[in-house]
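For reference, the structure discussed in these notes is given below.
Order as written gives the chain letters A, B, C and D; numbering starts at 1 within each chain.
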Amino acid sequence: MSNLTYTVIFYIFAAITVFSAAFVVFSRNVIYSAFSLLFTFFGVAALYVFLSADFIAVTQVVVYVGGILVLLLFGVMFTKSIMNTELKSDVLHIIPGTLILAGMLGALLYTFYTTHTWKPSEIQLHGSIVERIGYETMSHYVLPFEMVSILLLAALIGAAFLARFDKPDNKNL
Amino acid sequence: MEHLIPIGLNHYLTISALLLGFGLFAVMTRKNAIVVLMGVELILNAANINFLAFSKYNGGIGGVMFSLFVIVIAAAEAAIALAIVINIFKIFKSVDISSVDTMKE
Amino acid sequence: MLSLIVFLPILAGLVILAVPSSQKQIIRIVSLLAALAQGVLAVLIWRAYDPSLPGITASPGGSPLGSFQFVEKLPWISLKLGGFGSLNIEYFLGVDGISVTMVILTALVSAIGVLSSWTIQKQVKGYFILYNLLASAMMGCFVALDFFLFYVFWELMLLPMYFLIGIWGGPNREYAAIKFFLYTLFGSVFMLLVMIGLYFSVIDPVTGNHTFSLVAMANQANYIKSAILGPDNVMWRYVAFSVLFVGFAIKVPMFPFHTWLPDAHVEAPTPISVILAGVLLKLGTYGMMRINFPLFPEVFHASMYVIGIFGAINIIYGAFCALAQQDLKKMVAYSSISHMGYVLLGLAAGNSEGMVGALYQMFNHGTITAMLFLLVGVIYDRAHTRQIDKFGGLSSYMPVYAAIVTVAWFASLGLPGLSGFISEAFVFVGAFSSVTTRYIAMVSVLGIVFGAAYLLWSLQRMFLGKRKPDAAYDLEVGADGHEHIHFHDWKGKIDLDARELTMLVPLVVITIFLGIYPMPILGMITTSVNRLVEVLTPLAIR
Amino acid sequence: MHSLIQLSIVVLLLPLLSFVILIFFNRRLPRRGDFIGVGILGTAFAISAYIFWSVIVQTYDPAFRVAWDFTWIDLGKVPGIGPLQIKMGIVIDNLTAIMLAMVTLISLLVHLYSTGYMAGDKNYGRYFAFLGIFTFSMLGIVLSDNLFSIYIFWELVGLSSYLLIGFFFEKDSAADAQKKAFLANRVGDIGMWLGILILYSQFHTFSFEQIYANLAAGKFAMSNAWLTAAGLLLFMGCVGKSAQFPLHIWLPDAMEGPTPVSALIHAATMVAAGVYFVARIFVLLTPDALHVIAFIGAFTAFMAATIAITQNDIKRVLAYSTVSQLGYMVLGLGVGAYSAALFHLVTHAFFKACLFLGSGAIIHAMHHEQDMRWMGGLRKHMPWTFATFTLATLALAGLPLTSGFMSKDAILAGAIGFANVEGGGVYYLIPALGFFSAMLTAFYMGRQIWLVFFGESRTHLKPADNHHHGHDAHSAHGAHDDHHGAHEVHEVSWNMRAPLVILAVLSVFIVYSPNPLDGAEGWFMKMIRTPATVVGPANHNCAALPAQTTSPLMAEALPAVETHVATDAHAVSEVEHAAAKGEHAFADPRQAEIAHAAHAAHFPAIYISSIMVVLGISFAGIVFVFRIIDPDKTAEAIRPLYLFSLNKWYWDEIYQATFIKGSVLLSKILSWFDTNVIDGIVNGVAVLVRNLAFANNSFDKYVVDGLVNFTAFSVNTTGAVLRKLQTGKVQTYVALLLVVLFGYFVFYFTRLIY
């Protein structure tokens, strides 16, 4: 894989990611946004591969595309009927949003391109890191791992509880 | 132009910045709670990209591990958030978060 | 006795306070009983009064308390004020010839006022409580012999009067009530200052302390020579006299200070007009006779001419203003101003005839004007208007009313045989006999003609001739073929009913009786007035 | 108490009793109680006649005098004066006795007459009540022994005159007239009152007797001008009551009252009360005052006579004739012909009452037609009325054999004597005016008699209404009017006829004097003597007492008055004794001289006045009977003079334009002044104070309070602004968060740059 090919492929995925993310944001239709988000996640997963994090990329695809995105789509479908034109979502204070977006972007990009203190180190990650992840998870990061798992469990139970919300008896909610 | 050919840290950072910007924009401006959640996912992805990029170029495994946790927590977050959104819909008959302002008073 | 007659109405007011406000008839009857009891007490005082005792102030060689009757004297407020000495205020009541007639008048007019208040329908309870408070305060003013006590009663009078005009009055009542209140308050503020000045200038000959006793103040021997209002401070004595005079003149009301009167009368309900004209105006001249003149005799002596001129202005100016009025009640109000001018003129004469005339005029004006206002109230109740031009030919349809009006009008214009004449005659006799006021009296006599002019003119326009096209009533031909009068929304009797006759007939009888035989009243006052004239004559001339 | 006093008190109070009974109970009595009025007056007249009999016939003493008084008001021991009492009392002398009998007689006759004249009136009972109170007041004037009570009754007759003039109060003209009468009288009364005050202020008594005694003793402390003023001011009362110029205007209007009232009040008694009063105070009038009085009387007599010749209303002619005759009386008093003036008062009262009652009968018969132009020919229909009316007219005109001749002649003789004594050319004006007026009187009375009683009935000539008078009205209504005039006019009933006859009889000379040419030989002139003046030249210098300036309060007390004990039954003052010594024993030389000259002028006066009367009557005959001079053409020829007379010398218009309009205007101005200037100042002060208060309030509110409020305000606004941010919307909070973040970036980069 030549350097140029590598670069071209990177730019293609970068473009997919960015444009689909932009479509997520600027589309008036929630369904379109959801599907556009799929492309974003794939693009990001591809970028993870470029960043030598293939396990993360796979996880990204499995969790985001297989879990979160499906969840989001369910949410869309629960809350609106698909055929309903009201799926088009309105935009709130567009001008301050745009200003802040431009400001944040400008500020970040300015920072990135003027900051030279984070010179990349000589040692870079290469190849698959799945093994290392396994070791690190079971050794160094075992406590966070367990906590995350408990959190996940709690979140799942909580989500299930919240989602089975009955019609409230009292009207003062 | 010669800066663009070798892919460096700044490319990833730029992409993450753009994703962050879009995500913030969605969170700030969209009235649909689902889209807002999507914006949040974009922000988390942008953060992940940053973690992994710095992890790669600094050779540490910490960023990778952290991004893994982020993904897990994002999943939990999405689940909870959607449950909340559905509840909001049940109460307010709408997912329009501009109408959800009972916190005002 | 005097405490009882003063506080009886207040007691009645307290009883009324306990009566539920829906029991209007009980409230009225309680007030009437109190007024009648006051009247009985006044008659008892009149019978028991010894006309040979002069009062006014200590007679030479007599008691330092003077020869007042029915005296009640108790220490009331006694404050130790450190460097200022002590403040001694006494509860000191008593009557002499000057006040006893006024006590009788007040009792009479109060009782008639209660009867006249029978038709008040708005907030009866509050009305009668205020009314009784007013009756007490008026009576208190006439019998108080302590300046401070007098002042308390004087101010106490303002409050109920303000509310009685301001709540139960006509359309412009707030303006009138405020005007009345401010005018009178303006006068009384200065009175307060003079009162304090006098307190520090006078020594009670018995106790040696400063005193508010008017009896002590009226004796020039009790003044500290160098005190603020002592005999040496001539300028301050003039200032104090003038200020006090203005305070009382507002109440009279004297010419430049009279404008509250027409407004107050026009707006006030009938009984309050009766009280106002019948009693309150007398307080001004009574205050002059009791306080202003005897306390500063030499200043009075120097200012007789000025007072006389103001009296003449009142007489003629009031008569002219009355001539121009279209509102009957306003005309009567201006006639009051004119008639009070006679009182001022009589006082200014400074001799016995004038003073007797003035005091008798105060009594007669009280009864006659009460009658006039009651009569105005009668026609206003029926026709809901007081415009003189809205009537005409009433004599044919309301003969009893017309007859009483004729008596009252002629009494007011000073027809001999009715009481007003004797007092006016004595005022003129006195004023002309005094060299100081002789020319003023000659001018004032014109008031007799103009008084007759406005009264007869109004009598003609309202009662004689025929019904005017735009009159306030209709004519109907009755079953007997005669024309009868018909007032819009008046259900009662067309001519006077029994209650109105009960109010008016006693006044008519008094007016005629006192016009033929004035001695029942004059006999009580002459001794005191003669003594007063002696007190007023400066020592150098005496 | 003398029995005559007791009787006179009864006489005085009886009419009052009649008033009280009738005013309260007239509706409950049969015939509205008119018999009570007539009966009571009859009793009163009977008693008065007895008094007259005992005083005039039995005693026959010119100096007769009985007095009694009581303390009415006791003023106690007045400082500077001593014990002071106001007394009321009664005095009876010859004049009182005559007046008493005259007043009660005429009043009785009028009462009787009114039972016919007023029959059917809706206020019939009230009418008799008013007559009662009038009679009471008039008797009060006659009997009073002091100025105060005479003033009281003076005003009371004014009241009863007011009530009776306005008896038909539904007529606007009557209501106007009654007010006018009362006000004109009041103007006179204030003058009279001031005169009383001048005298009182000197002597502290109202009694005639004491005042005259003090005056005679020279105790009048003020200057002589004041005394003249006092006399003239007292005379003003007479000017008002007796309708002398310039207050004569009310009397003709007073004819709006019922005709018997005109006869009683406005011809015979009340208007004569002025003359009676001047007679009572005659002794204190100074010569200057008498001159003024004489001129006013002469002028009034002349002026009223000139007006009377053109009036068309039968009652107005008589009214002006009354004014004119009253002028004679006042003239008589002014020239010092005291007894002649009073004689004329009495004779005039009878014949003028007769004339008025006669005219009342005519008006009654003519169905309330008062205009003489539409009468005529009544002689045949009303013989009794014609006879009595003519007799009274002759008396008024002053033809010999009548009472009027004697009294008028005596006055004119006095006037000539007076002019002779005073000697000045201008004083001859007084008798000249008197004689000329006598001629005019004869003329207008001749005119009246002719127009009313002779010729053919002219009832049909009356225009149907004021809009179209002329031939068509004449022809259209002629028959109808003829019917009225010819067939319905008939003689009045006995109760109206009897008074006419009695009064006419009393106009014949023999009642008063055996000699038809000289009244002085009669009992009247003998009984009524000119009293000696108390202010003659002998007393003039007494006024120059040292001026008292020590005390204004006590000054009037210094000429200490000896308190006169109430005059006893027969107490007669020294002064009057002196006057009573003999026929010509005048204490004052001036009076004696005038009396002498008047006596000398007696026959010239008779000649001149007879010539004048004959001239007047024949002139009337020339004009109205024989039509040698056409009255209408003459009137046209001297139109300005005719109009001047017809419009009563324009006095009403002049007064209307000056005094009445002026008063009303002044009242409007003062009322405007009151509401706008005085009240304006008061309200202006109020507004000023209120504005000051508002300004102060604003300072308080905006500056002092402002500081306090600003804190609260700033917190409040900040809160309000910040509250806008507190939308409760998540996205707003996110945006804020980002703003802060952005701010941090900016801060960070600025730190980087600098």
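Note that a residue touches a chain if its C-beta (ideal position, glycine included) is under 8 Å from a C-beta of that chain, and two chains touch if they have at least 3 such contacts.
Keep in mind that this is a model prediction, so the values were computed, not measured.
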{"item": "Distance-to-centre winner among chains (Cα means, whole assembly as reference)", "value": "C"}
{"item": "Comparison of B-D and A-D by number of C-beta pairs in contact, larger one", "value": "B-D"}
{"item": "Intercentroid distance (Cα basis), chain C paired with chain A, Å", "value": "100"}
{"item": "Cα-centroid distance, chain B relative to chain C, in whole angstrom", "value": "96"}
{"item": "Approximate Å spacing (C-alpha centroids) for the pair chain B, chain D", "value": "120"}
{"item": "Centroid distance [mean C-alpha coordinates] between chain D and chain A, Å", "value": "125"}
{"item": "Junction residues of chain D, two or more chains touched", "value": "731, 735, 738"}
{"item": "Residues within chain B bordering two or more other chains", "value": "24, 28-29, 98"}
{"item": "Touching two or more other chains - residue numbers and ranges from chain A", "value": "92-93, 96-97, 100, 104"}
{"item": "Pairs of chains in contact (touch as defined earlier), listed by label", "value": "A-B, A-D, B-D, C-D"}
{"item": "Residue ranges of chain D in contact with chain B within the complex", "value": "726-731, 734-735, 738"}
{"item": "Residues of chain D touching chain A in the complex", "value": "731, 735, 738-739, 741-742, 745-746, 749"}
{"item": "Footprint of chain D on chain B - complex, ascending", "value": "24, 27-29, 36, 97-98, 100-105"}
{"item": "Touching residues (chain side chain A, partner chain B) in the complex", "value": "3-4, 6-7, 10, 14, 17-18, 21-22, 24-25, 30, 33-34, 37, 40-41, 44, 47-48, 50-53, 55-56, 59-60, 63-64, 67-68, 71-72, 74-76, 78-80, 89-94, 96-98, 100-101, 104-105, 108-109, 112-113, 118, 120-125, 129, 132-133, 136-137, 141, 144-145, 148-149, 151-152, 155-156, 158-163, 165, 167, 173"}
{"item": "Residues of chain C defined as touching chain D within the complex", "value": "179, 182-183, 256, 258-259, 301, 304, 317, 320-325, 350-353, 356, 393, 395-396, 410, 415-417, 421-422, 425, 428-429, 432-436, 438, 441-442, 445-446, 448-450, 452-454, 456-457, 460, 463-466, 517-519, 522-523, 526-527, 530, 533-534, 536-537, 541"}
